[in-house]
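In order of appearance the chains are A, B, C, D, E, F, G and H, and numbering begins at 1 in each one.
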């Protein structure tokens, strides 16, 4: 799949995810339709068979993520897309992906919850679930784009992180982002980096599927390549065989954590606007970030020294870098389309002298620049 | 290759070199007998170990892949067929085998089971049917006969059962067979047939869980339970010739149902071929 | 009542080690020799890997010729090797692959 | 690419602090069957692909997804468009009375109101352009369905926000096979009828 | 069900949950076996039919929680019990219970995770999941006993809270607690308070199933009693009819939060040991609390001024009361059988001058008093 | 009571007074026709509104309970039968009706479906089978015929289908019928029969989704699609008398399968009765 | 492409309000009167609640007697009431309960 | 009831700060089929129900759940038992060599070791009590299965931690119908054999 000349397209956020995934080299998609993510499955159903890739609509979301993990172990770059109810159903098997260190990408186009909630309305209320949704100890990676362009690039980045660290990566978008159409230039082949999982370079017999390496990431062979390893969701040793030995258990769980913790700088990413001289900052992600930039523009017109920070990586948040950014800041507003989720994390991370305020909306509507502007003026 | 191994040693060539034996199963558990039959079937077909994937869920039976020197995926409870679907579609050239239990396949995994049947995807599923949840200690399964005792049916089971064969046929499977751990040669043949079949093949393998089912229901030890299979099995060919009243306490074994239908991955492949001329449109 | 891990009895021998040992033992089996020739040939009809055997009694119970008898631990011994017809019932039913035949 | 490769991005400070004078907000509204979402997409593609502007098109789902009032919003700008939804409309197309009543209050004072005079009979202001898109479609082109395309022609002509070439290419790119000619006719009719209006 | 004379029993934690539930008046149990919770289902299968209650083993955990919610809407006190993998599978429908304000109790006997993990080994790694496991915005109640006696009493309390606030309540126990046998006196009838849901006292036609009341808790009618209301997992108005009106949406979500937030004092509960003159405190819950008490005893022998705090209610934690308890404390150790979960919450809640340390174990073994003692000496 | 309502007005007496009409469905959607048949069946049986519970999952079809003046539970996608199982066991005296779609019952809800069949629990399930996922905008369902276009099968559907009737029979349902929205009087009778049956009853009701299925597959509007049902339906009694080749493009309607088996709640009740003498032991 | 909420057209009349209106209109229908007597009796065979009707055309298309014809909006009008045989096909198929009969 | 009714509980300060001198830790160990979990439960019930002490019984699951080494731990105390697991054993019963080897290091220096001399042949210390429980069961009672009950009798006698009456009631409460007599015999045999040992 190569793209020669600059192609400008009007794409829905959901479609941009599809093209981003194709750019990253997705070979397998399994999913079950759910509003507002369905266009991703529909795009994949259209595009993948044309390119020799594999598409399957499974019987449910549990089966979808299972098939994705199966395909990933058979060597494919694989993904699924869903929304809240489906994301909840996938949790058990997402845990299996963590445990078995299977690279794959899960896009959650968020809608209002809990439960069936508001299928056609926006929310950002699965933020904490993306970190803590499945049982047990593990470390999650989740990224959050805010435009069609970022839907494309963050999907690419999600695949890269997933392959790089042998771990599932979650892309959190939302209903408005998924359905809005935006003009964007499709990156040329080579313009964005595309990462593939590291393959083993040892003889078949020496291969250990969960080998403890200095980076804590193990090279990954695929089914059918002569390695014949075992994969299990039971806590296992380096060969994938179930273990009950406390040291081996701890080693395994530490591996899951350290392979991410050690590379936080490589994983996290922020966009900042007008932060150089700011005393007040607005932290927001996804759709809300755009309202925040608009609000900052508006506030600057009123000579208010405010800036905006948009973390692209929500989990892990990158607390060292964030704390650095907040050092000159007296007041920070965390704007989210929920009752307050990432704000808990910011509270924990913010320097002592930085006061943290929460701006929340959870009525199914987008956050407007005026709301943010009002809050800025309120906390001043 | 030159040294043709003895038939009785064949199994050893397919056991995982790194995995310690003996296996986790209780002494006399039929799971090991099924494992032997499976290995011999694979060996007879001359499959390359690298081209075989064995996928299971959770249960005593589902522990089997750990011991087998193939590409093995020990997944979550009930989901083996869904994982296997992903593997098969991703690498259609591989032989994909699912080992599952009656609880794994028919209780929590019922949905993936009927959809694998419906899609007629080329997977061979060996369902080790011991009529109980073995691994969790003897709760009743959707196959536990009425009146039987189980830890969650301490007063006797009042639920009705699935007839696995009927369910699979109703859902659209193209190869449906039943064997037992007593009839181990037949079992091997049925598995071989399933592996040869292009499409979804189910082998319902009756097995013994004397540790729970047997003990709670006074059906005796492994020997007694396996003898029961010997006594009550009725080959499908013979059953056709026998008056129904004589079949009352029997169960049918053999290849019970086979149809020809196109296979899922094949259909998908044709689609890709058909579209490959259309790449123009991006 | 344990999930996932019913009952072990861990052995330290790998199947490969095991195999080597036993193949050695039967190294010089006479090709095409019938079991009934045992007494003459001197090669036992079966090998039993006591290390893998769990004394489940299946082989003993199902042998139509009553070739096998339990030892003190309940594991099979070739009590009447000369009666063995190499019907294979014992090793086909052994859930632990603890019996191999020298003739089949 | 903002986030690609994990690199942090600074804001485009060079542009400095500006009023959003180059931001232009459009709403096309009417009822379910009138093809206004499609019109919105075409307009956005004309603006974005043809004229090379930044453009975002949104719509509101929810109970009114099909049937009821239908609307597509388009925001255009020379600069990066931050907030993607409309805040105060620079232009409103109302193809039904209901839509006109509902969305008129969302307009800027200086905003341009364009109505389908076939269906909107009570206009809340005197400052508006009215053309009988539906009647024109039925009587002049012979298909009611192209009323939205006539309206697009009129919008191009009356507001100048999108170039004729751009909107023409955009319409043709989306026209189902075999309907290209009719759609072109409809667009030209929109141009010409609107021109008449401007002159009066 | 009345209990006349004091009965002393040796009970497993799991059995104590069964008797606690019966004491609280459980009428319906649906479940699917999973180690290490199975004894709860087994106890219910034995006891419920004897007392005219209803027991069903469902086809999976999704069906189990669904049946529980169905039965609860039909008027029963209903519950299920599971462990990590099953708890993950239940998440979608637990969200339905939040949204539809259906009282029910879910016991999670924790084992090691993620995924199948360590079925027969202890962990406390579903703590955050109990708060954030399902998608959307909601407020969770979770309690955590540490002995057979508390398994009994906290199960009663879980039912009470659930009926009182019309919300699902989670009981977090663990493998060691579930399987250990302990001597306890079964409380007499009347000894513990048993709360039933408030029933409507208005004419049928006036009844609104989700009425906004001053307490935010709506009286609850059951199916078959003449009220004929609608229940929906879509965001709904006071009559249970789906709504898309922003004000109604916000009102509904606020209701879910406020009905709990307003009564935090009634919901939260702590046990403290030797806190009166302590400078150092150990916060722990569940099985670990017992090691903490032991460690405090041992430390006191060494004249170390240390105390212990055990929150029985994990969610909501009761931050005001906790902050009060921590005012005299310089250093607090949060001891958990995970990589650090509740400690995040404590970090957020602790007074500025209180330093928070995390003591974690996640190798499938219990936390020992010596480990805690060592940590106490380390931070001193 | 004295004022006997006209038959054509009966439906209005069972609509929810507070819920605004018209309903959410597209003009001409068969869901409303099924709703009318259901109401008339309930009315004919003279059931008290308070004793009827109607439970659904998620889908266009599953929106029905909102409009009905009974005890209604609009649950999560695919889970209606599991919720209904809880309601029924808790209050066995209630009539429990499940309204579900082909996606709801057979895709995500397949497991609860087969287990409800197996248990033979006294629930009447009306499955509105429009061969598509209507609510999410036209993705293919496990019932969408091969070759058909759907948004997730833009190149034509290459999957195989469930035959709902066969699946239900294979899983153990005791009353299995099929009707269509054209044959509305028959549909009403089949639902009445299901409600009368003590045990699990399934009515597979063929319905039209012209908005998606019809439009994408050029099968016309509601009228055209419903006419197709008229033309291709074959009553089960007639089918028996007709040569197979004439049945090729037909589908069978009517009461296709009925057996007698004890019902789940009844069995449970017997257990409770049996144990009630044993209360001594605490 | 919306989940959960396809297409509304919200009306403010409740079914009860609706019913009252229409029952009033047919208040003095002659008991046992046949539809064919319509012209004489003056009571129409059917009532159509335009407010609930979505103009789906089913009643018009399925009426065997061609009694109904579409109005400007596509909603049915009793064009030939005298031909109505009260076969009930129209109202049994109306998905929106927008037709009642005065005779059945 | 610590948590009932949502009331906060203060520690029982009256008891003051004490060494855990009243805490006594017992482990019964052997192999899968020897009924040691059951013995642990019986012992705990004797202590808790019969003698009214605080008692907690734990066991270790995991790979060794059935087969392999089997063990049941019992902690007894007059006071509330905080930590439920054993830390240093006051008493160890080892019914197999493997169990003896494995668990001997977990004992206090002052701990009491009791072994089944039928099966444990190499004892790592000289300070121990040995009785051939398995042989006694086979030869004196006629059922191997009651070896665990004989051991319980010996424990009662040798440690005095549990009263004869309490352990007798506890054994009978758990004995399957029809086996009461044999179990009683076994227990008495345990008492008497141990008494002999003490005298020597």
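To be clear about the criterion, contacts are C-beta pairs under 8 Å (C-beta built on N, C-alpha and C of every residue); 3 or more make two chains touch, one makes a residue touch a chain.
No experiment lies behind these values; they were computed from the predicted model shown.
Visitor: Count the smallest number of chain-to-chain hops linking chain B with chain D, moving only between touching chains.
Guide: When the steps are counted carefully, the minimum from chain B to chain D is 2.
Visitor: With contacts counted as C-beta pairs, which pair of chains has the highest total?
Guide: A-E
Visitor: Can you give the whole-Å distance between the Cα centres of chain C and chain D?
Guide: Using C-alpha averages as centres, the distance is 84 Å.
Visitor: Provide the C-alpha centroid distance between chain A and chain C, rounded to the nearest whole angstrom.
Guide: Distance between chain centres: 56 Å.
Visitor: Please output the residue numbers of chain G that touch at least 2 other chains, ranges allowed.
Guide: 1-10
Visitor: What are the residue numbers in chain F that touch two or more other chains?
Guide: Residues 16, 18-19, 24, 26, 58, 76, 108, 110-111, 115, 135-137, 142, 151, 155, 159, 211, 268, 271, 275.
Visitor: Which residues of chain H are in contact with two or more other chains?
Guide: Residues 61-63, 65-66 of chain H touch two or more partner chains.
Visitor: Across the complex, what residues on chain F touch chain G?
Guide: Chain F reaches chain G through residues 6-9, 11-12, 15-33, 35-36, 58, 60, 63, 134-138, 151, 181-182, 184-185, 211, 221-223, 226-227.
Visitor: Taking the complex as given, what residues does chain E use to touch chain H?
Guide: Touching chain H from chain E are residues 8-10, 36, 120-121, 143, 145, 147, 149-150, 152-154, 156-157, 175-176, 179-183, 187, 191-193, 266-276, 287, 290-291, 293-294, 297, 300-301, 312, 366, 368-370.
Visitor: Considering the complex alone, what residue numbers of chain B touch chain E?
Guide: 58, 76-78, 107-108, 110, 133, 135-137, 139-140, 142, 151-155, 159
Visitor: For the complex, give me every residue of chain D touching chain A.
Guide: 1-11, 13, 17-20, 41, 44-45, 47-49, 52-59, 61-62, 65, 81-85, 87
Visitor: For the complex, give me every residue of chain G touching chain F.
Guide: 1-16, 18-19, 23, 51-52, 54-58, 61-62, 88, 91-104
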